[in-house]
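Notes for the one structure printed next.
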Amino acid sequence: MKKLINDPAEVVADALTGMAAVHPDMLTIHRNPDFIRRRNSPVAGKVALVSGGGSGHEPMHGGFVGIGMLDAACPGAVFTSPSANQIQAAAAAVATEAGVLFIVKNYTGDRLNFTMAAEWLADDGIPCEVVLVDDDVAVENSTHTAGRRGTGATVLVEKIAGAAAEQGRSLLAVAQLARRVNAGARSMGLALTSSTVPHVGSPNFVIGDAEVELGVGIHGEPGRRRIPHAPVKELVALLSEAVIGDLPFVAGDRVIAFTNGLGGTPLIELYIAAGELAACCAAHGLTVARSLAGSYITALEMAGCTITLLRVDDEMLELWDAPVTTAALRW
Amino acid sequence: MKKLINDPAEVVADALTGMAAVHPDMLTIHRNPDFIRRRNSPVAGKVALVSGGGSGHEPMHGGFVGIGMLDAACPGAVFTSPSANQIQAAAAAVATEAGVLFIVKNYTGDRLNFTMAAEWLADDGIPCEVVLVDDDVAVENSTHTAGRRGTGATVLVEKIAGAAAEQGRSLLAVAQLARRVNAGARSMGLALTSSTVPHVGSPNFVIGDAEVELGVGIHGEPGRRRIPHAPVKELVALLSEAVIGDLPFVAGDRVIAFTNGLGGTPLIELYIAAGELAACCAAHGLTVARSLAGSYITALEMAGCTITLLRVDDEMLELWDAPVTTAALRW
Amino acid sequence: MLLSHSDTIRWIQRYRDLIADNVDELNKLDAAIGDGDFGASMQRGLNAVVAVLGPGEPDSIGKLLHTVGTTLVSAMGGTSGPLVGTVFTKMARVVGDVDAVEASALVVAFRAAADGVGVLGGAERGDKTMLDSLLPAVEAMEAVVGGDHTLQTVLHSAAEAARTGAERTIELHARKGRASYVGSGGVGCIDPGATGMRYMFAALHDVVGEGIHYSEGTQ
Amino acid sequence: MLLSHSDTIRWIQRYRDLIADNVDELNKLDAAIGDGDFGASMQRGLNAVVAVLGPGEPDSIGKLLHTVGTTLVSAMGGTSGPLVGTVFTKMARVVGDVDAVEASALVVAFRAAADGVGVLGGAERGDKTMLDSLLPAVEAMEAVVGGDHTLQTVLHSAAEAARTGAERTIELHARKGRASYVGSGGVGCIDPGATGMRYMFAALHDVVGEGIHYSEGTQ
């Protein structure tokens, strides 16, 4: 394992130190329990958005804290959900009388800890709503699984809900909108390489030199299927067929097309993949209203990508275009 | 070689297709010769900034085209300087009566092609200045080398000169400022892994599992020294001692501290490195006035980082803070 | 024979040691069908627990177990933090403010723990989770407790059942947690959470099996 | 014997073929002390050149060589694009609008080419660049031309000197180009650019060596 780290046990702490040094204008870092909070939060009258999850997915979620997006983010240990206490502390720090919205990727650990924290907040009289993000079509949505995972849609939900909260909408309205965004989004990913959790020291699994892991999870969970490596045109076609067919997206739909890098894939490849995704959308009669390409939800140094499509209406587009000032998304 | 590409020969073309799809609001892509140009350029009365270089360094330079930075960027083949014809065509497309500034990283190929193009522009009566960026302290600055390479300082020069041009300053003023920025900047990098040029298919060199290549170039040029892998605290200390000692930066200096990822290193590691860089600056009495951390100048999928320090004055800081709307830098 | 306050502390310390000795194995089990953090999480949690426990602190077994549970929740995060934490907070409620616990009460406490995990996580037996060693252990204890078995024998049966239960998860198809995402359902792999529970019972048996604390008890 | 217009076209085609046959070797030489693109660049450039050359097009050797040079510049980019391009544009100027070239004129043209590369790139002999095969080749031709040597012999000596020159770059410490960044100065590695030049002379010798075009010439 070769990484730019010090002690594997200090990876999260050291990264927070770095974030504090790089973004003093946007963020304040709290330690023990760890959370990243928007400067000058709480913002009076505004619903506070809180998210979080295991570390190793940077810039998610800390990079989405700021004006027009999250009020606080809780980083757990690498690939480990933050604790309920951490979440409660973060929420308490940024909560307003307008209430708190938890945006939670649908993993058992995240659900358990955010739900516990939500109950504690409710006990303290703070109105709290939990929105689950579960957009990953690689997981069968049946009683035989923990349900679909949250992946790429998380960024879209956090951006759009963040803009709505910034406009002063109510907790219920923002929660409802966030659920609507999640409902209209589908994702799927693939990996070319695995990644190594620092305290483990060796890769979670090994992908052969000529293989691709389809339907991989962003925590390095093995996927559902190995296929021979192929030109990205074919790989993106596979992903987008699965994504488009699932909702399903139909000709005439307007979409936000999001090509996400998993950490080890350079931007030149992501642009190529994004071009293929645009071509797939066009072939299905979908209008790409907005695009996003970059490494926003990573799985440490994993090489690979996820693609996400979100069916948008005018309201969502307007909120997507609304100003945002965070470390990772800014316009 | 496992990459998200189609045909190795089409990597640049496919990436341009993707850029066009993702950033229609900011960029226009010209093909054959290839260049990326700011939407609605030329901008009357403004000095046009043109840069370029081999592909494989994304987002540099195409990601820096837009309001407040470059007017055009010329992507060569992977790690290959663009041709003089390409540069001439790009410059002609965005040139105004205020003239054209070429920002050129100091590599023989880039110098030769940009210089040729500059002569052709001059023949056509277009005022043109060439600014060389040569900030890499890993290269001895002697007659025994091609001179220092341009690395991290390029982003800083392009941002600050771009802001000055946007204010309507003259060609000579912008060129002078750009040279001043370059003169106050120093960089050095290290690699944990090599990278593979698509049409070559195997890595340029191999770094052992327990080794780090110090002073590596952003084209996968082998560096000057192999050392055993060490905690990032020690690695960043090595880089920053070299950088700080070279200018030299002295106690009381205000700096922009830039931690750049080489493509395969995820953001969590870059934040850790950025934290260490801030600590080194503090230990030398340097005040970090602004920070930048992210993968802005990559070497395909190479894992590693470069660090850059720039000594700033109030003018440079004001120009650094000025609005910029590009694919990669935006505020 | 009763489980004393100091037994309880030694149990937790032994549990911490067993996890530390097997942390790589547990991470690897989790890497195969999950995300590779289970061992590290347990270790982080139990280290935090051991750091807050003093010689007679907290001053009842109930309070002690409660502290263990809440410390695990706050120090671990993840899926296992709330679930393993619940094991101890549920036991704490049953045991109450005492400084020794009889076998029968201990078994009731473990039953409450298993039920608590089931309610919180929504898993059932056979879903390939920590319940697949926790439940067999509870049932084994329930089967022998109240007869003329010593606390040692009761805990021996628990440790054995937990071990067997954990090993048998290799055949199960995961329906809960991250392992349910894997194409194969994780068949062919042992569940890390069930293995963690196995060490919890092994630790308890080790500590009581060392004998030592024969106070006046029902058996 | 003269170098005819069709010889010139066949030279360029043969040059293209030799580069294509050795493209991986050239990339690898460049990877060792540079950035691994030299072979690909030469191949892209010569493919572009061959694509624009018609049977009798452009209609003089001078124009043809000029087209070769400018096409290389525009299709290659990199360091080698302007430099190898200059070889042909400089030759074009010396050769002029003719449809056959004598050995003596050819040698003068190659001398101009070498000088042009030197001026543009600022390198000197021994700097471990393409000049280290180009210059020896020019000097070898200058040494034999004008005696009773055929064009073939002249080009044979050029090809031999270029080959030896390229091979000897292995001992040189790079002072120009990307190889000058490498800690070792690239000692122990052959220079890709010098090797490319070697193929240029080999191609010319191959084409003329095949004999064929004995027109009335000085020798």
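Here the chain labels run A, B, C and D in written order, and each chain numbers its own residues starting at 1.
Following the convention adopted for this analysis, a residue touches a chain if its C-beta (ideal position, glycine included) is under 8 Å from a C-beta of that chain, and two chains touch if they have at least 3 such contacts.
Bear in mind that the values here come from a model prediction, so they are computed numbers and not experimental data.
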| item | value |
| --- | --- |
| Other chains in touch with both chain A and chain B | none |
| Top-ranked pair of chains - ranking by C-beta pairs in contact | A-B |
| Chain separated most widely from chain D, comparing mean CA positions | C |
| Chain A-chain D separation of Cα centroids, rounded to whole Å | 55 |
| Computed distance of Cα centres, chain D from chain B, in Å | 33 |
| Distance from chain D to chain C - Cα centre to Cα centre, in angstrom | 77 |
| Overall pattern in which the protein chains touch one another (line/ring/star/complete/other) | line |
| Contact pairs between chains, per stated definition | A-B, A-C, B-D |
| Chain A - residues contacting chain B, complex | 2-7, 11, 14-23, 55-56, 58-59, 63, 192-193, 209-210, 212, 229, 231-233, 235, 259, 263-278, 288, 291-293, 295, 298, 300-301, 303-305, 325, 330-331 |
| Contact set on chain D toward chain B in their complex | 24, 27-28, 31-37, 40-41, 44, 73-83, 120-121, 173, 175-178, 180-183, 185 |
| Chain B to chain D touching residues, read off their complex | 33, 54, 76-86, 107-109, 112-113, 116, 138-139, 143-146, 149, 197, 199-200, 204-205, 215, 217, 219-225 |
